[in-house]
């Protein structure tokens, strides 16, 4: 499967790869495994989707933010690897939701990213292990932060 | 060591493997490493142990919830791998406690899972690296969520 | 590069490796990868740097705590591996900040650790992938907790 063609078929537009917000590398590769730094819902020039689930953001806002975070992860992978065709599959995601103490729907929020990856790579390769949890706060008050581990093609 | 016999010896009863609560795989294997998705304290038909440490749950409640989460992780590993004998050792756990801002005993809570794994696999193989931390909120208000990385036998 | 000599050149003094605060191993090695348990800003006999960013700690306090956490991670790596020369590079850090709900500068805090590692191992090997996020609470009210994955020399 050609993933770049697949993105076009799905009419998906990637944002620019997000600028670094600290002292880290966007992606570190060891063997056939790529560790990708925590990403937020980056829109490009318009900045990040911000806010807190359970307070100023509803479930659909959160799911949309997670999908946008997925697009930002794809943008970084493409930028760092040269082509998304180098990615074989998703190994694991850690989905972190900016949420109030009584928020309970973190999995539904992070599904916004997981469903995107399933569209892009298919269910077998696009869906990995996952945790979806609620954070006390996130950098710049972004709505969602997701980090990932991906397997690369040999 | 036959782990299925060991569970019987310890008189441990596993809950059913928890149903999936979102778009993820319970376990992803790469090489001899298994990444297991975040699990909660699943009891089977009775659902999940819920509540917040520092508010409506005490330390023993939390430790019990972490032990139950460990049993749920074992149930998923057994279900996905066919037999717990395929697991060689615990590499790492991330123990996430649903807790108030002034709660300080996260390690004691997560010990409930770590002590269970030490009983099952012995100290050398059952005890791995770990972080034990406090979350702003967890899905469905579960008391504890734990994800793990396990080494499989070759 | 001899890292023990490099520490001396930088006039860095490591604290003792922190005592274990629960049922876990400080480091687990699989192949050429070392998983290091969550560490806090350990000072030795004086204990841990405690407090919450956004409440009783300012940004410089937090960054200092993250740097001290980095020194504690180095102390554990040296103690467990025999020599820091066995570490090839940083693969990934998860930087967890004890912070209020409205705190937004987690990356700047965790830079305290990342800049230390860049001084020690250089930018290429000392800077890895990273997430920097806000926790609802941390064990013993420590200011920062950081866990890491490191590549070892073959």
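Residue numbering begins at 1 within each chain, and the chains themselves are lettered A, B and C in the order written.
Here is the rule we go by: contacts are C-beta pairs under 8 Å (C-beta built on N, C-alpha and C of every residue); 3 or more make two chains touch, one makes a residue touch a chain.
Note that the coordinates shown come from a computational prediction; the quantities given were computed from them, not determined experimentally.
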Message = Testing understanding: with touching defined as stated, what is the shape of the graph linking the protein chains, line, ring, star, complete or other?
response = complete
Superposing rotation of chain A relative to chain B, computed on C-alpha atoms, to nearest 5° = 120
Task = Please decide if copies chain B and chain C contact each other with the same set of residue positions, more than half shared, or with different positions, and reply same or different.
result = different
Ask   = If you average the CA atoms of chain B and of chain C, how many Å lie between those two points?
value = 25
Where chain C touches two or more other chains at once, by residue number = 94, 101, 134-137
Note = So, in the complex, the side of chain B touching chain C is made of residues 33, 54, 90-94, 99-108, 110-111, 114-115, 118, 127-137, 149, 151
Remark   = chain C contacts chain B in the complex at 21-28, 30, 35-38, 52, 94, 96, 101, 134-141, 145, 147
